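Some structures are shown below for you to check.
Here come two complexes built around subunit A, the first alongside subunit B, the second alongside subunit C.
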Partner chain A sequence: MPVNAVGREIPREIDGRKLIPFGGAYARGPEGKLHAPKIPPLIKPGESKVLPSLDDAIEKAGIADGMTLSFHHHFRDGDMLVNMVLERLAKKGIKDLKMAHIALFPVHEPLVKYIADGTITSTEGSLNGPTGRAISMGKMKGLATLRSHGGRVRAVKAGEIEIDVNFIAAPTADTYGNCNGFWGKSPCGPLSYAMIDAEHADKVIAVTDNLVPYPALPFSIPQTHVDYVTTVEKIGIPEKIVSGTTQITRSPARLKIARLAIQLIKDAGYIKDGMSFQAGAGGVSLAATKFLGDMMRKEGVKGSFAMGGTTRYVTDLLKEGLIKTIFDAQLFDLYALESLRNNPDHVEVSSEMYADIHTKGAIVNRVDVSFLGATEIDIDFNVNVNTHSDGWLLHGTGGHQDVAAGSDFTMILAPSFRGRIPVITDRVTTVTTPGESIDAIVTERGIAINPRREDILDRLHGSPLPIMPIESLLKKVQKITGAPEKPEFEDRIVAVIEYRDGTVIDVLRQKKMR
Partner chain B sequence: MKDRLRRSRLFLPGNNPKILQDGGVFEADSVILDLEDAVSIDSKDEARILVKWALRDVDFRNSEVLIRVNSPETEFFEADMGVISDRVDGIVLPKAESKEDVKNVASVLDEIETEKGIGREIIIIPTIESALGVLNAYDIARLPRVAALAFGAEDFTKDIGAERTPEGTELWYARSAIVTAAKAAGVQALDTVYPSVHDDEGLRRETETARRMGFDGKSAIHPNQIGIIHDVFTPSREEIKKALAVMQAIKEAEEKKSGVIALNGRMIDRPVVERAKKVIRLAEAAGIDTEHLPEE
Partner chain C sequence: MPVNAVGREIPREIDGRKLIPFGGAYARGPEGKLHAPKIPPLIKPGESKVLPSLDDAIEKAGIADGMTLSFHHHFRDGDMLVNMVLERLAKKGIKDLKMAHIALFPVHEPLVKYIADGTITSTEGSLNGPTGRAISMGKMKGLATLRSHGGRVRAVKAGEIEIDVNFIAAPTADTYGNCNGFWGKSPCGPLSYAMIDAEHADKVIAVTDNLVPYPALPFSIPQTHVDYVTTVEKIGIPEKIVSGTTQITRSPARLKIARLAIQLIKDAGYIKDGMSFQAGAGGVSLAATKFLGDMMRKEGVKGSFAMGGTTRYVTDLLKEGLIKTIFDAQLFDLYALESLRNNPDHVEVSSEMYADIHTKGAIVNRVDVSFLGATEIDIDFNVNVNTHSDGWLLHGTGGHQDVAAGSDFTMILAPSFRGRIPVITDRVTTVTTPGESIDAIVTERGIAINPRREDILDRLHGSPLPIMPIESLLKKVQKITGAPEKPEFEDRIVAVIEYRDGTVIDVLRQKKMR
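And now, the complex of A and B:
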């Protein structure tokens, strides 16, 4: 079996699908032409796109066995549409569907039974929680393909995901199909991840709980992409878009990690006018964002832009004038929605512009420093965010690979162990992001800098920070936790972890049950 | 080391392994592995066992390692002293009221040091937390092994029958008396804990007051308090510049072999020199490069 650039064995093909082993972050260039959907049918003046119900829309779209369906994930754990549609399709006895959602969450647990009964036989999106667990257990007939946010855009553009029907949970839609996530009773903010699907799908259905007269502004998704509009009672619960937490952590160890990270970027010379950054959600990231603001204020520095996932702490920086712009592909709390609605410097961007490697320059390429997380990190700096160290598939890739590859200085902020399980290990269970894209690991017990970054190590010469080789950090942690046993797997491959360029960085096998 | 910096002393409950294992992470000047008030009576045994293992296995990095034992009047004292190993820098003695209290502990330490072959002096930090303790503070502070006097406000308030207020006016006399006694004896004075862990502003205010009163440090009951305490004990740029000027004057006087140190035409006496040295130490502890102080 061929071994890829991060030392993982990748089969040449699975179920007739050829796999290209990962060769390096920028080893594979684009080929060929963009995929295009069918030319849409004629819509004559006076024709209505509004259908009376979701059932009518499903009927009209002609969903049949074997089709590929897509959904955006802007409501995260508050999404209601995916379950609504799949329940109807299962009732109709439709089988062998390919789910090309962006991401599923615990709320989508009902899909586990559709995976088990063959309604869904393969997936092309992130799996957070119960659906991931089901796939780890080998319940799905076909393969799960995990891609980064940018990687998924690339796959749609390359025709590797051919979407038959795209459902858009639209917080606001007008009668001619213009949609946005800004307004209505269930706002979710940007519709960034729906944009590429709407462009490339053969049929696009906007499902809204706020149908307004023509025209709806802004049109994040324009009428030119939308076939039908229909209404339901409610599309999602905005309060549940919150990713993890809206509160800064009070955990002293995690606060310490955030403080060390900010001191690190200061000592490495990144706190300067025009700086840009990306930080995610979660207690440590929120703390890092807040401390970054404190540092910028103290040093009298004005930044350029922040790329979101947007939290209240990022919007506070914009409000204060510490940054000029927020590029927003996703809201992580509702406080940020007010800013997106009212502040002209807070703008919605497509996931393509955010993260796609095969575009003419994504925003991630312009990010100076990024703060990312990990479930595991190994001594080659490879990062795992997909599986836990016990081998369960439990998380999507998100923008991890994209931001890591794009930003100039990528930090992983993680506690050195969770519970009794070390986060730093000799070899990660699965590789999500290659070590070549990771520049620093910040834990409460020390900081490891990737030896490839000689420039950073030079700049940090004389810094009082606890910088040490990653092997020493591993030793320190294992002294406390010991080295845990590795999970055991069956032979069958249940998921392919793609790199953002379409090559395969790792595969995940079915978990051996004891 | 008796006169090391003790800006912050972090209490770690002796029966909490999760907190003990992170003890070295938070960069407190001292950590106190607590066998006393943080540990309920029926957990004393397990706390002793855990602290013993923590002393062996946890890397407390640069923090001074102190053990708060139960009072010698309790049945726990003797067993508590049994955890002492060569990893222990000092004992925090609760409810110290007289010099005899401290002398007794010192004689137990004499024995332990000989028996366990500990080749250096284990220090004692008596905690003054009663009216009698305040009145005897100077006698206590003068004893050998004593490196600092600490103040314990909660028990003190109960002892004098006062009401604990947010402003802390009921503590003024005791705090001043402890600082005065400690300084007269040439040891450090360490302020009581700030009990509201979520009130960062309150902690900052109370620490600022302590610093102005002459305290050398403040105790912390939560790791998140350490950053604020260190921040308050970090000298300002002006203070550092002044201290550097004093140090320069000393250097010049030494070069000229002059017995008189003068700065801007004024003679500098010993307390000013000591003060300047301390400011430099505090600045360096806060990571400020005093040799290359950046321009404003």
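And now, the complex of A and C:
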């Protein structure tokens, strides 16, 4: 079996699908042309797009066995639409569906039975929680393909995912299909991830709980892409967009990680006018964002933009003038929503503009500093965010590969171990993001800089920070946790981990049950 | 030769290009797939898009003999970029270019010599003034193809126009290619017509006289489409966007036309809450817009949206709350620009969303009432906007076909004659828009309603308006002007007038010179 650039064996093909082994972050040049969507049927003036019910929309869209359906994930664990649609399709006895969602969450546990009974036979999106676990157990007939946010856009544009029907959970839609997530009783903010699907899908159904007269503004998804509009009682629960914490971590160890990270970017020379960054929504990221603001204020620095999951902490930086723009593809709290609604410098961007390698330059290319997470990091700086060290598939890739490849200084902020399971390891269970894209690992027990970044190591010469080789960090951790038990797998491959350029960075095998 | 649905003889092919005769406004169903743009070359983080000069950009883009170049026309008669680029290419001795501009104006007279000397051998855009005249005289080697705004979008999307290099005259651009027309020393407002070209062109060059730090907002053209950015001293003269008048007409006859038109839409039942309209920027249109506002105010009606060339008169209706939205693809004065910049209900839209028949419903489909112009109108209600009665090709199609096909009640507002040349005629010199899309003709001497609109005729029963059959209107006019002299043509076809769906509604032959 060929071995790819991060040392993983990648089969030449699985079930007739040819796999291209990952060759390096920018090794694969673009070839050929983009996918050409069908020219849609003529919609004459006066024709209505509004259908009385979701059932009618499903009927009208002609969903049949073997089709590919897509959904966006802005409601995250508060989404109600995926379950609603799949329940109806299962009841109709439709089989062999390909789910091209962006991401599933614990709320989508009902899909486990549809995976097991063959209603769903393959997936093309992130799997957070129960659906991932079911696939790890080998319950799905076909393959799961995991992609980064940018990689998924690329795959849709390349025609590797051909969407038959795209469902948009639309917090606001007008009678001609213009949709946004800004307003209504269930606002989710941007509809960024839905944009590319709406552009390429054969049929697009906007499902809303806030149908308004024409025209709805902004038209995050424009009328030109939408076939049908229908209403349901409720599409999602905004309060559940953040299933975890929206609070800055109180753990002293994690606060320490955030403080070290900010001192690191200071010492590495990134605190300067025009700086840009990407931050997530976890407790450590929130702390890092807050400390970054403190540092910028102290140093009298004005930044350029922030990209990423938008929280009140980032929003406050914009309000204060410490950054001049927020690019938003997913927001996490209502405070950020108010900013998106009212501040012209807080703008919605498509996932394509955010992260797609097959554009003439995505936003990630312009990020100076990024704070990312990991379930595991190994001595080659490879990062795993998809599986746990026990081998369960439990998380999606998100923007991890994209941001790591794009940003100039990519830091992984992670505790050195979690509940006696080491995060620093000799070899990650699954490679999500190649070590070449990772510049630093910041743990409460020390910082490791990727030796490829000699420039950074030079700049850090004389820094009081606890900088050490990754091997030393690994030893320190293993002294506490012992060497971890490695999970065992069956032969069958259940998931393919694609890199953002469409090559395969790793595969995941069915977990061996004891 | 086959005869099309408006009675014009259309050759089966010209120079190897097959022509499909026009069969009716919605007769041609969509077939096949859209054009697939090439996947662009990888742009890695840290790579710069900024080039020192326009010459460098031309060099880098690799412009060669036979290529297709595109330009947008938001500066209209104030554009400086087209001449700048063509002068450089002509100097380099490049030949056989296809100009896929949106529209040329009198300022582009220098292109006449490039047409005559074979630098330019065919055109795919509107021709207003000298370039049209040159083509009428047979000076161009190949064909001119005229399309509506929506039709041009369709042709680009269908791959019928394959753009090698797209030039964007960008009033503001950042270093990574995000462009807008809102700010800078030469603002033009929307960049709507440039959007589809930037999306489909192989190479996109943003040329600006206001290069700003990343990121420029709004990104009317996003960085994801732009290859190179370069600067010139000045890209265009905003004051010349309106080459004609921005004043309401003072001609009593034209004021009468505007008044009659507003009374007509009142009597026909269109003055009601939620109404929408399209209005242009000519003197009569401005008057009609103003009178429409007066009527809405008087009747206590609140409208939905206005689409079209945006002027202060439309902007005032938004400000007053008489309409709730302006969709803007081209603006005509700085007053409207202030509104576009500051009023979130005044929004930029792509020409695709405005007018393209190959979408799932363009904005024109939602227009209730439109006011359009004509150089000639015949007894079948066919309208000519491209040529004059003397046979010279002097005007582009603009959104005429699109709006006429989309809007529920399409009115032509025109004087019955101009300088003793009748506007109402037995047979128009060239058909731009089919009579089936025209509902009423309003002149100072009377109003003709298309007999197809029995519903309107019923509603107008008892109206005091001077409604008469088109034949009576023609007789009235001919009594004053006499029967007009018909122009004479050579055999050679110099221009193809496409309908918005890609079929051919008419052809234009070389003008016979005395």
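The definition used in the following text is that the second predicted complex is superposed on the first by the 513 of 514 C-alpha atoms of A that agree within 3 Å, B and C clash if a C-alpha of one lies under 4 Å from a C-alpha of the other, contacts with A are read in each partner's own complex, and residues count from 1 in each chain.
The working rule: a contact is a pair of C-beta atoms (placed from the backbone, for glycine too) under 8 Å apart; a residue touches a chain by one contact, two chains touch by 3 or more.
None of these values were measured; they are calculated from a predicted model.
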**Request:** Quick one: name whichever of subunit B and subunit C touches more residues of subunit A.
**Result:** C
**Request:** Give one of first, second, both or neither to describe whether A:E31 is in contact with subunit B, with subunit C, with both, or with none.
**Result:** second
**Prompt:** So, A:P464: does it touch subunit B (first), subunit C (second), both, or neither?
**Reply:** first
**Message:** Per the contact definition in the header, classify A:L255: touching subunit B only (first), subunit C only (second), both, or neither.
**Reply:** first
**Asked** If you stack the two complexes on chain A, which partner ends up touching A:A158: first (subunit B), second (subunit C), both, or neither?
**Response** second
**Asked** Which parts of subunit A are touched by subunit B and by subunit C alike?
**Response** none
**Item:** subunit B residues touching subunit A - in the complex, by the definition given at the top
**Value:** 21-22, 25-26, 57, 59, 198, 222-224, 227, 287
**Complete:** subunit C contacts subunit A in the complex at 26, 29-47, 49, 158, 176-177, 204, 213-215, 217-219, 222-227, 274, 304-305, 325, 327, 344-345, 347, 352-353, 356-366, 405-408
**Request:** Going by the contact rule at the top, pick out the subunit A residues touching subunit B in the complex.
**Result:** 250, 252-253, 255-256, 259, 444-445, 464, 476, 479-480
